[in-house]
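To keep things simple, chains are lettered A, B, C and D as they appear, and every chain counts its residues starting from 1.
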Amino acid sequence: MKTETVAMILAGGQGSRLGKLTKQIAKPAVPFGGNYRIIDFAISNCANSGIKNVGVVTQYQPLVLNSHVGNGSSWGLNRHNGGATILQPYSSVDGEKFFKGTAHAIYQNIDYIDQKDPEYVVVLSGDHIYKMDYEKMLEYHKRKDANLTVGVMPVPWEDTSRFGVMNTDKTDRIIEFQEKPEHAKSNLASMGIYIFNWARLKQYLVDNQSKNRQMEDFGHHVIPAYLRNSEAVYAYQFEGYWKDVGTIESLWSANMEFLDPDHELNIRDRDWRVYSRNPNTTPQFLTASARVTDSMITDGCYIAGEVTHSILSHNVKVGKNSVIKDSFVMPNAVIGENVTIDKAIIGEGAHIYDGAEVVGIEEDIAVVGYGEEVGGYSDEK
Amino acid sequence: MKTETVAMILAGGQGSRLGKLTKQIAKPAVPFGGNYRIIDFAISNCANSGIKNVGVVTQYQPLVLNSHVGNGSSWGLNRHNGGATILQPYSSVDGEKFFKGTAHAIYQNIDYIDQKDPEYVVVLSGDHIYKMDYEKMLEYHKRKDANLTVGVMPVPWEDTSRFGVMNTDKTDRIIEFQEKPEHAKSNLASMGIYIFNWARLKQYLVDNQSKNRQMEDFGHHVIPAYLRNSEAVYAYQFEGYWKDVGTIESLWSANMEFLDPDHELNIRDRDWRVYSRNPNTTPQFLTASARVTDSMITDGCYIAGEVTHSILSHNVKVGKNSVIKDSFVMPNAVIGENVTIDKAIIGEGAHIYDGAEVVGIEEDIAVVGYGEEVGGYSDEK
Amino acid sequence: MRSKIVPILNLLEDYEKLKPLTDRRPVASLPFACRYRLIDFPFSSLYNAESESAALFISGSGHSLYDHIRSGSTWGLDSSAGGGVFTHSQLEKKSATGTDSKHGKFYYDDYYKYVTRSRAEYVAIMGSSLLSNINLNSLLHFHEDKDGEVTIVYKKIRRDDLIADSKLSALQIDNEDSSKVEGVNHISDLNGDEHIYLNMETMLLNKKTFLDFLFKAKNEDLSVNVANFISFTIEEGCTVYGYEYTGYLKAIEDIKSYYDANMDMLDEDNFNALFYRADPVRTRAKNSAPTYYGSTAVIENAQFANDCEVYGTVKHSIVFRKVNIAEGAHIENSIIMQDSSIEEGAVLKNVILDKHVYVKNGARLEGTPENPLVIAKNSVVYSNGEIEEG
Amino acid sequence: MRSKIVPILNLLEDYEKLKPLTDRRPVASLPFACRYRLIDFPFSSLYNAESESAALFISGSGHSLYDHIRSGSTWGLDSSAGGGVFTHSQLEKKSATGTDSKHGKFYYDDYYKYVTRSRAEYVAIMGSSLLSNINLNSLLHFHEDKDGEVTIVYKKIRRDDLIADSKLSALQIDNEDSSKVEGVNHISDLNGDEHIYLNMETMLLNKKTFLDFLFKAKNEDLSVNVANFISFTIEEGCTVYGYEYTGYLKAIEDIKSYYDANMDMLDEDNFNALFYRADPVRTRAKNSAPTYYGSTAVIENAQFANDCEVYGTVKHSIVFRKVNIAEGAHIENSIIMQDSSIEEGAVLKNVILDKHVYVKNGARLEGTPENPLVIAKNSVVYSNGEIEEG
């Protein structure tokens, strides 16, 4: 069976701005939205776009990511010769292969891509929350007869200095690329989403490596090289919701936005589902003393307290007279009685003991790490 | 669910004595016996011994091995919280983790083992052909109250200098270990099969690494350290067929032995099956001109020639008037008409054109590499 | 460790009194507790004992059961390498032989073939209508310890915990040795306030005992089923031990007992007894979003599965997946199965909605705890109370 | 690319003339060509077109079919994330409604629900008894190109390639435009030596056309099946195009045509036409060892699956998995299904052995090419020729 498209999801980064949340696990594996991990959005986009071969490139603390992604069966990818493949460093007769940058990670995995023999390679980040139909972007790429299409979106002009900015002509062809410019000529920011014609990209990566020219990073090396050589590089504009959850505050606010039943991310849309590995657990149990409003609750939760405008992931326990507000609680957290949690992120398996308080403010969200314990020891089991 | 035992299969080696057969793939992934790859024996032993968690430690050209092993479903391992996990190098906050030796490979994957929280760790090689019930060895290990049990087998005295040799007392306790001794005191050779109490092994690995003491190799460092400290180290004697297929000649003769319907490896034993990933292919087609005797043929083969005392793996084509004798042909090889193959190993996807000859002798088996072409170009498709 | 048990699931269970819930499904695939089906419980027992295979004896087409089980991979019963789910349909046999096989009669040959090809030493026989969570490893230890030929699981209950015309049976326990079984009584012969030792129709046998029995039953053309198997083995002179089960149990024999079993789960002790033990209950995973509770939702002692949207009032009820409950709807003491929709102002009390029922604006449905109202699958309930069956 | 096709497999196929092979299995699960079942062919068409779901309409219990299909993962029909195999058993409906549904009648509601929830634009309808390997993508391109409402697949054959009392139908093709279909004839009305356009009962429809039809059929209580669907749509004024299939085809309507189809595979042209094309045929993977041919084996133009041991003579025959053929046994023009054993000196000519048949030392079994001898599943054939059915 011919493979038209292979997606390569770059999931290697540590994401150090997420602090203790990415100490033992890679950023794309951080829990999100009650039932998900961050990378679920990119992989689900692939599945919904009809892309069946997905390479997940990773080298930082891969255990959780590996067992989460597996062969991709949770996303229906393990069909029709497709599947997810975790791509880690390895050694060969040429030596050891760690990844030094985004383009270098693709270079080191040329064998994997060549095995699938695709026409196009879609390069994605594993740490963005959005829904996007890559098939439409691919149609655009074909229509434009492009060699590279870059996904872009308009950002407020005052934010352009934080992004790679694309200047386009009237046909949407990219004529200039400014990396984090002081004075941007456009407000179209790169989303880190690329569609390459594989044969051409491979040529760039192999030729330049063999000539010892730096070709490690897409933004710094590959795109400039393409533009220098007047390759057909086009910008594809994306209009929907898109969020980089690279900081504690953005992770928190993305969860709060996700919670809104009218939010455009619309998690209940049956035509564009976000898939994940589903744990095996019990129904959610709201006792007579529970009071749950404007909240998302996941299977396995046991709630005897009050939950308002919050997301509780699976198997969270909330004791009597506890109040959880404006917060995101990761799986398997145990919250005792008389606890107050407000504007906080509670890590997986954390234990908040009776009477404890975890309270943040919008500009400084409180964070409890994975398995962390807060508060004194009570006599509860 | 409590995990009693985790098996760690060391599949990292290149196996350079197999020459061109291990240039692009790791030795444990080399095809064997028509329907198998070498590592299938070790993984099937685990499955048949009731071990459900198998870590396959690899770092050399892992693509083929990865897609072959997958999540272990071909061996029924992906049940009851079990599964096969491919363990490759990765980076962490402590830096990059390549594997420097057998024990170091376990050290680098402590996180994986701790996640399963086993009582015992069984350490195996991925490149031996044998059937062994590790459950019986584990019962022995428990009965002896051992901290380490080493699988051993008697070898001819003249061969002892090629092995690690174990001297035991009357209770089978190992009192001395000689690595490739000139003058062996015993003919019990280590098979590279170890059962460790995990807590103790971990202590050795972590303590010594933190003290910068070398603890890289089981034979060179760990076993001597155990013996120095008078740990309870026992030898478990294995009596059956066991073969290291580390050279071209041993790979060939192991296949020839495997072919014998009365061989003790007995591939048709329904109580101890050797599992593998089964390809999807057609029935085997023996035409009116075929003559097949004393041979193993696999699904997908098309045979119009003569095959004697040989193993043909799946999808091998043999043209008219060709003769294949005393040979092992790997999957997808195409053999034209009037070809003579004798005492040879034909690599996966090799193409032997009309009239060509590939003839070896018992001491120097002829080898055709993967995808290699032999003979002139004919007009066949 | 390799599993020592080769399990047989006897699903030729009586479903007449559970209609209309069993119109299109066997008892084994009855939905239970927001996300399960009854078969999940014996299957999870197999999973927790690391069994690799199961033989299912099914009456009728088993269609809904097959759809739930699929490859059996949820419970480690995948067949890619040994093991697997082997199904035997009574119906198939019937049409093949042209004779009307007796309901519940063993198919000796299928049993024989299945059991002999396993390396396991013991045969386990289980059903699905006696809702419980049995630890087969404990049963196995008990059986090996007692060293008898048969161990049958029982629970000490009161006669009137069962329905009046129960078809179940009770064990006679030896006065001297409370683990020895001396005989079997029909429940219908027993008084209402007696304590009885309910035969849970779950047992462990030595493989040889079982094969001997099959041989005899076939040769003598006996009609033995799970219910009278124990009396048969005692008559044959086997030593039969009783293993006491102390966990949650409910015999699901009619609509009311089915309803009560669900309502029981809203009691924390029962819920924990059945679910929060070392042996988790597994069901087929489905992709789902968390359930959203709106700002107008009022919930009191209720259980939900994922994928619901709740804006109304739900009290003392069990709600399955993908149920929408509008603002102003009021649900009490009810079971709402998946894909149902309850519009504004609708009132439901003591009701069982089967799958995919649509309750329109302001409709009222009311049963009693003794006689819950069942609305069949795919029905539409109109505002005026009219019900259109789907 | 996402699949544009939502497929329906109509497996309510006639099996009377295929007995005893169809005693315990539907036509769709008939074993074929050493390692396949007939359902593998339409399923592989779906796989090759990257379909993610299939609706199966089955009569009887479908037990053997479920056991073969399992989760459907072999053909990319796994349901863990969207898609999946949806089965609809006619039998279930019958017992639910108490009425005897007409054989082959569409279940409009099940169809409706299944088709509407798919995002695909076209409905494909296929069966399993017209053995072929159809490329659905080519059919799709043709259909999109013609821009009609229905495209039906046909093959140009001679009337007498079919059995005398065939229940199949032929298309009337427009004289001007050979791709336009004007009507349908019963095969039984046609002469023996005519070339006909066999209606292969495989078609592609626009989703809207199909849903319109369902609506009408339900409202007017029509009894439409696959065979008369095309005449119906033509009467309704739809534009129906014919897509010519040029690959291997065999209509399996009785034992002889089933036998011939298997024997056809021993002809390389037929074998290559059905198997060695861009669209491989997939079946459920089973762990197996290579087949061993002993030094006394004499094989001439025969096909085998893995896992056999062959010491005897096998000519012009089809041998399934796990068959043992002893030295001195002689097999010619026969089909030997899996798990059979043929002892020394046994002679088989023009025979079909169903699964797990044991042919003892020196037994002789002989049919004719016109009337092959069928030995039922699990039989034992004794040396004196006596047959004990299993």
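Note that in this section contacts are C-beta pairs under 8 Å (C-beta built on N, C-alpha and C of every residue); 3 or more make two chains touch, one makes a residue touch a chain.
Only a predicted model underlies this, so the values are computations on that prediction, with no experimental measurement involved.
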Farthest chain relative to chain C (centres taken as mean CA coordinates): B
Between the pairs A-C and B-C, the one where more C-beta pairs touch: A-C
Between chain C and chain D, centroid-to-centroid distance (C-alpha), Å: 37
Whole-Å gap between the CA centroids of chain A and chain B: 38
Chain centre separation (chain B, chain C; CA means) in Å: 45
Shared-contact residues (touching 2 or more other chains) in chain B: 74, 273, 275
Residues of chain D engaged with two or more neighbouring chains: 73, 80-82, 285, 287
Chain D residues touching chain A - in the complex, by the definition given at the top: 1-3, 47-48, 50, 52, 73, 76-78, 80-83, 117, 119
Residue ranges of chain D in contact with chain B within the complex: 33-35, 74, 268, 271, 275-276, 280-283, 285-297, 299-307, 309, 318
Chain B partner contacts - residues on chain A that touch it in the complex: 14, 23, 58-63, 66-67, 70-71, 85-86, 88-93, 96, 98, 111-112, 115
Parts of chain B lying in touch with chain C, wherever the complex brings them together: 1, 4, 47-50, 52, 73-76, 78-80, 135, 270-271, 273, 275
Interface residues, chain B side, partner chain D - complex: 33-35, 74, 261, 267-268, 273-276, 278, 280-288, 290-299, 311-313
